[in-house]
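Each of the two complexes below includes subunit A, the first together with subunit B, the second together with subunit C.
Coming up: the complex of A and B.
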């Protein structure tokens, strides 16, 4: 039963080795989908290329449904999985700062590593920026520690917060994603850009 | 002929197929390791390791590094995310090699110079690095992986990232579109 690391089916070192292979899959899919190009990534914010929207939400839905099915079959214990904690102010403020960084820099951390791996110099510079940004956060930590730790809400699932089952939430996410895919396809025709 | 080769070089996967495959990678990560994918955390390990090499006393005293050491225990580079990101770089390189996309270059829109692109890349990186710490993870760790496990915080971070980028995109349109 999964997760394998929790049920002692694999050792810590095996887990790290498998992390490397999971990473290869991650990098391969990102690069092959065009996530090594900042102009493709930024396209989602202008409508000319919505690959980010499509890949991101298809991936989230696939994993979400996969987890629900594995749990349903009794192959996976969702109770011991890592669920990201919720701190309302830091999630919103951190997200806003990242959003600004995304449109200015044209990458997020994962895609910058991916783009740097095929030789994009702008991605390498972005990575230097990441280092500086994290360093600044670390050094100035006492200044923003209060905001960082404010309003801890535990690790709620959005389905719990909305008072619905996981399955119903999954269905809603699929419907919303389908509508967004449709808008994305429309936008790509409406706001075309020359070859890049 | 040359045009044909060029269009072949920029050929990418169908995004929905790419998305399903990425979802399967994320699912495998959860099934094997009980956690999602990530990226910014590996850079945090690099920062902690670098600062520790230059000023070990500082790492013992300053609050951020103390909390990091307490929650991790092992050497910062011996972390799941560091191995995963090393794999990411290898995987990206292999995909680029197979598709013929390996090339040193600065990619930018026609209306701006390479210099401007690099300055904005640096500033964007600084903001993203800072924001990923404030938001406890980036697009991979907080938004994508958080969404897969239906974390409320993951959804909020995702909405905040894309919402803010959407609004700011109007003011930065010169950098990207004609």
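Coming up: the complex of A and C.
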């Protein structure tokens, strides 16, 4: 009966140990699929390579289908799942800053560590920037606190706000993903880039 | 191109299944009536007043007394360190972090056993663990701890040991052998409501 990570099922330490192994697997897959190249991520923005978009969207819909179907069979209790609380303004601002960082640096936090571990200098510089960002945020917290905590919305689900069932929304997301992948591949043909 | 079409069809058809079937809203952590009956019958939920007195005197940090009687009754007299959650309010959300946690044993008590047992049944039905009942309630507490009867001289030694313990406990808890209810209540320390363990923020991102 999932999820395993409920407070009394497995301890915090076991939890971290599992996270460690999952993290190694994640990093290995990122590196072996070429995500440690900053061109891969920048390609999403210029349209010549949409692999990142496809991989992460596929991961999201695979997890979504898994969770919903497992809960349907009674193998997963969605009631005890952790849902990240929503603060809309800070999510939008944070998303914009993160997106800027993506396109300027060519990495997302995970891939930068991945690339740094195989010795890429730009990734190491990116990591320094990442830590500067963390430091600025933490030290300046009293300044951002107001906007950071503005408009607390609890843990709403999009399906609830739209008044539809989780399954129906899931179907719509899958259809949207298929359309996006199709557009992405069209863009790859439209803006081709020499092999790198 | 062929595989892409197949994968898309598989995903979309799984999506159709999800959209077509009703959501599973059962909570598997809840107990069935049968399980609840078995647990209630096992009597494992009971603490005797002697055990409770022992915990109170030792200031054991691993338990929390919960008075399920009305506020009036609680204000008149309550056991040291007890928190008042009237039975009628037990489903109130503000008590959920206290009733549904794994850090402390909650021991319910009422005047008799019935109300405390009801509280235990309700919380157990909800799937909460770590809730217990003081057997016999305040009545039995007053009878055994506050006003123990000396055993007959022919009783076995254990009875005398028990009597000595109860007499000592009664005095330590402000009872005294003479009066059934203590005249000046021991000022209960301010109850500490355990905070629900903070959920760790999931560190996401790619």
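By our rule, the second predicted complex is superposed on the first by the 193 of 196 C-alpha atoms of A that agree within 3 Å, B and C clash if a C-alpha of one lies under 4 Å from a C-alpha of the other, contacts with A are read in each partner's own complex, and residues count from 1 in each chain.
Just so we're on the same page, contacts are C-beta pairs under 8 Å (C-beta built on N, C-alpha and C of every residue); 3 or more make two chains touch, one makes a residue touch a chain.
As the structure is a computational prediction, the values presented were derived from the model and not from experiment.
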item	value
First, second, both or neither for A:61, with subunit B first and subunit C second	both
Contacts of A:108 with subunit B and subunit C, given as first, second, both or neither	both
Partner chain(s) touched by A:71 [first = subunit B, second = subunit C, both, neither]	second
Partner chain(s) touched by A:38 [first = subunit B, second = subunit C, both, neither]	first
Of subunit C and subunit B, partner touching more subunit A residues	B
Touching partner for A:84 - first (subunit B), second (subunit C), both, neither	both
Which of subunit B and subunit C A:174 touches, first, second, both or neither	second
Touching partner for A:166 - first (subunit B), second (subunit C), both, neither	both
Partner chain in contact with A:116 - subunit B first, subunit C second, else both or neither	first
Contacts on subunit A seen with subunit B and repeated with subunit C across the two complexes	30, 56, 61, 80, 82, 84, 108-111, 166, 173
List of subunit C residues in touch with subunit A within their complex	8, 11-12, 14-24, 26-29, 102, 129, 197, 199-202, 204-206
Footprint of subunit A on subunit B - complex, ascending	7, 10, 12-13, 15-16, 18-40, 42-44, 46-48, 50-51, 62-65, 78, 80-81, 83-96, 99, 101-110, 117-118, 120-166, 168-169, 172-173, 175-178
Contact footprint of subunit C on subunit A as seen in their complex	1, 7-8, 30, 52, 56, 61, 65, 68-69, 71-74, 77, 79-80, 82, 84, 108-111, 165-168, 170-171, 173-175, 177-178
